[in-house]
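For reference, the structures are reproduced in the following blocks.
In what comes next, chain A is part of two complexes: it sits with chain B in the first one and with chain C in the second one.
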Partner chain A sequence: MVKGIAITGMGIISSIGNTVEENYKSLTNITPGISEIENIKTNHKSHIKVGEVKMSNHNLAVCLKLPKNHNYSRTALFGEIAAKQAVKNAKIKDINSCRTGLISATSVGGMDLTEKYFYSQFQETKNRRFITSHSAGDSSTKIANSLGITDFVSTISTACSSAANAIMLGARMIKAGKLDRVIVGGSDCMSKFTINGFKTLMILSETNCRPFDANRTGLNLGEAAAFLVLESDECVKKENKKVLAYVSGYANANDAFHQTASSKNGEGATLAMKKALKVANLSFKEIDYINAHGTATENNDASESAAICSVFGKNIPSISSTKAFTGHTLAAAAAIEAVYSVLALQNNMVFPNLNFETPIAETNIIPETKLVQKELNHVLSNSFGFGGNCSTLIFSKA
Partner chain B sequence: MSKYFINGIGCVSAQKTTDTATGFQDFEELTTNLVSVQKPNYREYIQPSMIRRMSIGVKMGAVASSIALKDALLETPEAIITGSGMGCLQDSEKFLRNIIDNDEQFLTPTAFIQSTHNTVGAQIALGLGCKAYNVTYVHDATSFETSMIDAMMMMMDDGEKNVLIGGVDEIGKFTFETQKLIGHVKNEDTLANGILLSESKGAVYGEGAQFFVLENKKTNNSYAKLIDVAIYNELSEGGLTKKIETFLTKNSLSVSEIDLVVLGINGDVEYDEHYKKLQNLIFKNTAQVYYKHFSGEYNTASAFGVWTACKLIKEQTIPQSLKLNTVEVTSIKNVLLYNQYRGKNHSFVLLKSC
Partner chain C sequence: MLKKTHIQKYCSIKNNEISVNGDLVFSADTLEVKDFFKDVYQFLEIKYSKYFKMDLLSKLAFLSAEIILNEVNTKEKNTAIILSNNASSLETDRKYQNSINDKDNYFPSPAVFVYTLPNIGIGEISIRHQLKSENGFFVFEKYNANFHYNYEKSLLQNNKCESVLAGWVNIDKNSYEAFLYLVSEKGIIEHTEQNLKQLYNT
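What follows is the complex of A and B.
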């Protein structure tokens, strides 16, 4: 029997909703969250489309009841909102009733603040409070403090696969008996830094992104946070917890090909998927749905397609990338898609891959373009990042 | 029960630690508030065409990891786990400054590509052609310790026979200036009497890269056994001593059985109190050493502490320049390292001679 580490709570804020329910509604009503950028003043405004959360920092801070002079980055604001939802969803009354940790992922950290106050913090004392908000660990520490977690707190940054590695570490720590409960996920806000970074790489689409389409034009950047609560079997039993789904497989491999580009045959991705299946003790034939990384860049989708073909051969299950809904939310992406994978399992629903028309000739993968209702038992979710990082998670029905 | 032997070590630091002929007796105590590493001969370790493009962090990481692997006679590890509190600061600062100064125009991707926190781990993998597990922890002062915890789990649960772990942080000039603004780095440029006698707030800002090969078997080159690691985001005033005792009990040890404590004292008068309390109370009768007067403070400086401890255990002598007290030890068997930064992110590392 396949089991794994129990997921007992989820929380999310993304461009398609501020709660799990809102995200599910947008996915099933086919309401993507791709729009023109509003919260950041950038020269690229008319040349990019983004998955932006339309709430201002002020409104996010009000939601969290933060004092006026807080020094939260947008990453920390998103993170705390999503993590609190997850803890509430898991019906945790006393966070320290068992050994509880927090593992968060971010690539941007407090870059939004650093770029805003880059020079002014030298002149104006009031802007100096943001200096300590720059580091990646700052958002995790703020989230941990708000939840009352004092034990194991860590932060992972492996570019766009970060949250997958956070979920994986959390699952492994429970399995190893080092923690009883762990809040895992990731948060990344948009910043001029990432917009311009991806712009110089010429992989930002001017229109809505088209994952797995032969004529795809690049990615849409997004911003979001999502967290899951993982608990040991003992915790679940002791508190009679409702299990939403299980993390049954996980793996991380390195493509070791190029700092930013994926290899043509997707070797790292192939290794990650195969290892994750092995950890889950599942055959590739038992995977019912692949929630792909599918960023809609020329390189990723070709490489990921090749890897999927080499793992699944001719038996490719239902597949879709949900990035045309949310944009690519970088370090948070795997956590966002973990929530979607669990929703898929709970509702026996494959979410559509929007804007797809023509398959890539070499691999001929045709993703689901409509909402499909079918029995799902195991969902495989991919996340890949700069530095050759390839991570795969497998979620199984509770 | 799995065993974790430290079989190879590599260190790029403010001292000439890449030079095998250099020992603790040659170390020079830091006298400024900003301390760069002693630049190794990069050509010995990195393809010349790559050197120019790599930031100092990537270069240090490449050199330290290469020395550690060579020291352990290992070609390709089964996992690469890196800790880096601030990541690739120089390229991040460079790209950000260009965005702001040039109003988002005339940008090139190189600095952005190399700015991600996991660049060092990725470049090591790329250099070795290592397709194994590769993760980077970026949680302030416990980034390196999380790498150790992950490595131990890899070897215990997942059956990996060896893991390359390391800590690396580079100086960013902009970050140095901002850290000075808020008093996290000392404002005075020079330290007349060293960090131990410093009466000012803030630390000495440094950089470095330390890598280690962990293996599940003892070799002729083994430095020490890694017994256990614990990290705490926050500890209450009285919680520290209690946590240390619990940590030792969990590992079947008492305070009196610790032969040496290695403390992360960094000369910040505000936060060195955490160490002073231990020095004067539970470890009053234990030999004590410190190391940041040779390395400077950076998020992964505690890896320099582990490197120092490995050397001391292997050499079984404690040089005067590291000592904090006069307690003599005949044999260095059980070694406890304790570190924290600004009262947060406390870590305990337990090493044993093998």
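What follows is the complex of A and C.
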């Protein structure tokens, strides 16, 4: 029997939509959200493409009805919008009707504000309030306060696998009986810090990214937030909740290879996928769709392809990376893709891997390039972070 | 049934001396920490080019782990790593900050930046011994035998690993101290909070 921890609500804001419905529409209408950067002034403007949410901080704050003198980072603005949608979607009336936690992932935190106000804060004391929003925990605290969550609040920052680890921790806490309900996900806005950092690493593509293509040229950065509501079986039964899907498997493993790069043979990724299958008590043959990490960097796609080949052998199921729609949203990526995995299960739909032409010679993996309708029961979603922090989640049909 | 766990081997590196299972095995008169580490590296007859790019905290963690794990076949073993210290990666944080502050010679190097986290030392041990196991790095005021004992016991009793490489690895300015040990079902010293405390203090 494969079940797991019930997902009862979802919320999302990304470059392809401000709601779950809008995101689904963009995925199925093949409308990617990759564009030229507008919200941040950067010298790299003409040399990068990004998955940017085209709403100003002002408009986002208006959506949340924040007071004028607020000190929300863009990360917190996205996060609160997505988390509130998820809670609403789960039809939670009283957040404290059971032990409820929030586990939120971020890597950028309030860096966008620090970049703007760090030097002026010394003269203009009114700008100091923005600096206090710098830490990664600030957005989690703000989201928790706005939702009234007091039982357990935590922040996870493990680079690009952050949200996967947040979802995993939440699922494990429910399984262990520490919480009855937990809102899990992540949020990351774009910042000069990440643009310049990834530029220095020479892994930003000048054009639309091409996951799993032999001639891929790097990633497009993105910004987004997504949250899921996880609930224990008792909660679901007691309130007769509609279950959207289940988190049935999860695992995190390391590569023991390098401080930043992933190993060529994808050992950490292989371990993560195998462990997650074991937790879900599923054979690799039962996975119908892999929502890959597929960032379109030389290193990730080679490493992930090798790992997928060693787990699935010749029986590789439908596979695609949705990064060409949203860009790589770093700490939020696994939450965004968790929402897409649930949408895939609910609609029996594999979303396309855009911009793919030529397979990588060594592994010859050919992702789905068109929208494919087929029966889906189990979806495996990968997220790999710097330093070989490899996580895999498995979602199963409700 | 509860497993009987033991401290299989322990070592300490401090005051320019190395002792293993309580016996002094090496000492040197060097004044600088980095020179002493160099002497230790040579004494242990290690040949590992990645060693030279490590920061001092990672070097100390790496050298202590070499001593503990040299006779243990970690390839077949699922060895967890639980380390703690007081100064986190402060020594390297300062070095990195100084490279930012230096207006005449401004060069914040990514090679230094990667070591501005204490758990990178665990990464270096993992890479050297190919350990893809449970690990954690904790920052405490001082060596916390109670915390370590409980954490190590829990990992072993829940079959999360077959052995635990654990202990205290601290470096701050010119003072350094390492106390590392391996906990497993082998050995004669019983794995207890009291024994950990006592071995740390001797």
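As a convention for this text, the second predicted complex is superposed on the first by the 398 of 398 C-alpha atoms of A that agree within 3 Å, B and C clash if a C-alpha of one lies under 4 Å from a C-alpha of the other, contacts with A are read in each partner's own complex, and residues count from 1 in each chain.
Basically, contacts are C-beta pairs under 8 Å (C-beta built on N, C-alpha and C of every residue); 3 or more make two chains touch, one makes a residue touch a chain.
What you see is a predicted model, and the numbers here were worked out from it, not measured in a lab.
Taken together in the superposed arrangement on chain A, chain B and chain C clash. Look at A:296: by the touch rule set out above, it reaches neither chain B nor chain C.
A simple residue count on chain A separates chain B from chain C, and the partner touching more is B.
When both complexes are overlaid on chain A, the residue A:221 reaches neither chain B nor chain C.
Of the two partner chains, chain B is the only one that A:158 touches; chain C does not reach it. In the overlay built on the shared chain, the residue A:107 is in contact with chain B alone; chain C does not reach it.
Judged by the touch definition given at the top, the superposed model places A:55 against neither chain B nor chain C.
By the touch criterion stated above, A:43 is placed in contact with chain B alone, chain C being left untouched. Once the two complexes are overlaid on the shared chain, A:332 sits clear of chain B and of chain C alike. Look at A:149: by the touch rule set out above, it reaches chain B but stays clear of chain C.
Taken together, the two complexes place residues 200, 253-260, 267-268, 271, 387 of chain A in contact with chain B and also with chain C.
Those residues of chain B lying in contact with chain A across their complex are 80, 85-87, 92, 95-97, 99-100, 103-105, 107-109, 112-119, 121-123, 125-126, 128-140, 142-143, 146, 149-150, 153, 156-157, 175, 177-179, 181-182, 184, 231-235, 344-345. The residues of chain A lying in touch with chain B in their complex are 42-44, 102, 106-107, 111, 114-115, 118-119, 121-122, 128, 131-132, 134-138, 140-141, 144-145, 149-159, 165, 169, 172-173, 175-176, 178, 192-193, 196-197, 199-201, 252-260, 267-268, 271, 385-389. Residue ranges of chain A in contact with chain C, taken from their complex: 200, 253-260, 267-268, 271, 387. Contacts from chain C toward chain A in the complex involve residues 110, 114, 120, 123, 126-127, 129-132, 135.
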